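After this come two complexes, each holding subunit A, first together with subunit B and then together with subunit C.
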Partner chain A sequence: MPIRKIILFLVILMAANSQTKGQIYFTKNGSISFFSKTILQNIQADNNEVISILNLQTGSLQFSLLNAAFHFPKAKMEEDFNEDYIESNKYPRSTFKGSIANINKIDFSKDGTWQVNATGDLMIHGVTKNITTSGKIIINNGKISATSSFKILLEDYHIKIPSIVSNKISENIEITINCNYEKK
Partner chain B sequence: MDRKVKRYILLSFIIIITMASLIGYQIWNKPHQDIKNAVAAKTNAVALYNSLTNDSANTKVLFINKIVAVWGEVKQVSKNQQNQQVILLKTNVRDGSVNCTMEENIKNIKAGDRVLLKGICIGYIGGDSDLQVAGDVFLIRCYRST
Partner chain C sequence: MKSNNYFIMQLTKLLTVSFLLFGLYGRSLAQDTTNLMGQLEKEAQENKTVFATSTFKYTRIVDGHSVENLPAHVLDVRISHRFGPLNSGAYNFFGLDIHPVNVRIGFDYGISNNLMVGVGHSGAQKTYDVFSKIKILSQSSGAVNMPFTVSFVPTLAINTLRPQDFIVKLDSGVKVNRISYVFQLLIARKFSEGFSLQIMPTFIHPDNISFDNKINDRGVFAVGIGARQKISKRMSVNVEYYYQLPGTKETPNARNVLSVGIDIGTGGHVFQLHFTNSNGLTEKSFIAENTGQWKKGDEVFGFNISRVFQLKKKHS
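For the complex of A and B:
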């Protein structure tokens, strides 16, 4: 009977959809900070408004943030970062779209810390580069969090340092990611 | 050159250097924008969310990187990793919120309360429509307003 087939199809579709949903974890207040050691003063800024989505089934991982949300200890640093370095009016977002290798080896039902590698496209200042970085997936009482720390070269993302301060600002910056996920 | 003239030149040079250093120091140490006491354009969470998801140029000029006071119904109160209070205001999109990171925590605030929050509107980040995760509009350095 066609009506039975349709009902069966819908039930299978709904079951598949709910299974996929159960594998999606996200945060809208993840934290990404960067640090740069300089002769003048160390530069550190935090962004606590990062959207990150992790799919446990496929291993796909994404981050998206607005550059203007980076908060610096000094207002002048923040102004220079937005106007001269990252040009946040022209390039408002930074993103990462990629995946975690061998995510199916992680037992998400047990507490533990898992060393993982993520590969994907990092877009900063309108420039996209394929990167691979290591990080950790931490499972604690059923809650999933992720951390990673890696360095990028400013030159790779066409971020120019004014010549007057070029010998005082480091060519690379360290990026640290910290996200606590909740189930979709 | 006359000794007196030389002394004037040296003195002028010292004054210029001192003034330039003072101005440089003041610029380098200027305080962050005073959001708490700033005048803000008023709107509500539903209207702000709808305006920014439409992504029109007019809206960007009106709200993005501006101090905005937003009326809304509290959907959720939580803490971020810096222990700052995060208040989500309801919109007409399920799972989509106006996401406000507080500079000053509000005591005894709970879901269902109506509040006016003032902060810098930095824009909208889209979620993932395929994975059914809606995006949020973000306000940072927020205070309760009246």
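For the complex of A and C:
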């Protein structure tokens, strides 16, 4: 009897294992860019060293990036961004911790594009806010990627734009995410 | 019957254990992503070299150079202005009315992130100067750990006064030498977000018409020390002092220069306002050719205004 029990137990455990082990996907070079649009100037900055983890089973989704790894078209902008606005010495990282709703409806074995909603805590400049945003999960030849685009208000994250440059930097920043995941 | 019951009991037990284990596994899975994130973040940090930025706000501390270089393809137009001494009294508005004031107009340009060059003209003694600043080491942490930033700054100045305006009367037969040069090594460390310190060993070979340098014209050795303390996000207090090795002074009455000022950054512009006991605006004149003394009220008010232009975009 005990032998049969142990075997059965192991079989169940293995089944559980195989079902969940292959479900974690990640990237170390995802890209996130932001865009500030005003009448006087448009500013775009790109970060191509974004870490992201996606759990296909639970829908758990995480992003983490170093603020200092954002690159700007002008050196002075990059300096001001790090020194005066995001204060990357004090707040080196921006993160998102949340999950994708109804991830189970996605069939990851077939090519396709799926509209999804992600909800979670976005932390920028030391301030955490709960956000919900829509995005896409794209499956192409078994490769999984995710994209999303949404807007944030600088005010919400206690980033102040001095009045002298207020017509050059928008209060409303558009964030675009693009990550190609690989299996862990 | 009995064995059937037993089988059901065993199955129930087994399922309970399995579900428990499965539940635990599921929980540890969530733990896994958090751990994995921590691990990836750590990995990224260890593989990345983080350079200290903004050791000083600007390429000058007050009069002299800081270890900051202009980034590549950035042009900096700067105007430095020194008024008359404070002890000239209320009638002269504490020096602001005094002429001649010294004004230097300069153009600096970043060839690469580690090499900048500059030219300038200052009114005092009709001096043209040209310099380059080469960053040799950059303070960093992470994959590469470097405690200091080190730069080398050679400066060359030409005094273009007409002979009838010479301040120094040369002995007959002495050849006029209008060219002076200065070599500086800048060694700086950003100790914290707000505080940076810099040491500047300096050698100056003077010309022979700018200052009464009959006692020593072989060269002046000096050591400078400069510091920056941030007082708000956009403002910092800067102090700069150059000590001339006494045996090497051009004349015994040459005084060491002490300057105190504040930097105000407004995004694109930097204003530097200061008091200094020298009205010189090139290295050799404020380090080695200065007679003003703080204790006598000889300090002057001055300001630098800088405006940067990005001539070529970093990437499109």
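Note that in this section the second predicted complex is superposed on the first by the 163 of 184 C-alpha atoms of A that agree within 3 Å, B and C clash if a C-alpha of one lies under 4 Å from a C-alpha of the other, contacts with A are read in each partner's own complex, and residues count from 1 in each chain.
Rule of thumb we're sticking to: a contact is a pair of C-beta atoms (placed from the backbone, for glycine too) under 8 Å apart; a residue touches a chain by one contact, two chains touch by 3 or more.
Model, not experiment: these values are computed from the prediction.
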Overlay on subunit A: subunit C relative to subunit B, clash or fit: clash
Which superposed partner A:Thr119 touches (first subunit B, second subunit C, both, neither): neither
Partner chain(s) touched by A:Lys76 [first = subunit B, second = subunit C, both, neither]: both
Partner chain in contact with A:Lys5 - subunit B first, subunit C second, else both or neither: second
Partner chain in contact with A:Asn48 - subunit B first, subunit C second, else both or neither: first
First, second, both or neither for A:Lys184, with subunit B first and subunit C second: both
First, second, both or neither for A:Thr58, with subunit B first and subunit C second: second
First, second, both or neither for A:Ser31, with subunit B first and subunit C second: first
Subunit B versus subunit C as contact partner of A:Lys90, first or second or both or neither: second
Partner touching more residues of subunit A, whether subunit B or subunit C: C
Subunit C region in steric overlap with subunit B, selected from 5-13, 41-49, 149-157 or 239-247: 41-49
Those residues of subunit A which subunit B touches in one complex and subunit C touches in the other: 24, 26, 28, 49, 51, 53, 55, 62, 64, 66, 68, 71, 74-76, 93, 184
In the complex with subunit A, residue positions of subunit B that touch it: 27-33, 65, 78, 80-82, 84, 86, 97, 99, 101, 120, 122-123, 125-128, 131-133, 135-136, 138, 140-141
Subunit C residues touching subunit A - in the complex, by the definition given at the top: 10, 14, 17-18, 21-22, 25-26, 29-30, 32-34, 36-37, 40-41, 43-45, 48, 50, 53-54, 71-72, 74, 193, 233-234, 265-268, 308, 310, 313-316
Of all residues in subunit A, those that touch subunit C in their complex: 1, 5, 8-9, 12-13, 16-17, 20, 24, 26, 28, 49, 51, 53, 55, 57-58, 60, 62, 64, 66, 68, 71-76, 79-80, 82-84, 87, 89-90, 93, 162, 164-165, 184
For the subunit A and subunit B complex, residues of the former touching the latter: 21, 24, 26, 28-29, 31, 46, 48-49, 51, 53, 55, 62, 64-66, 68-69, 71, 74-76, 78, 92-93, 178, 180, 184
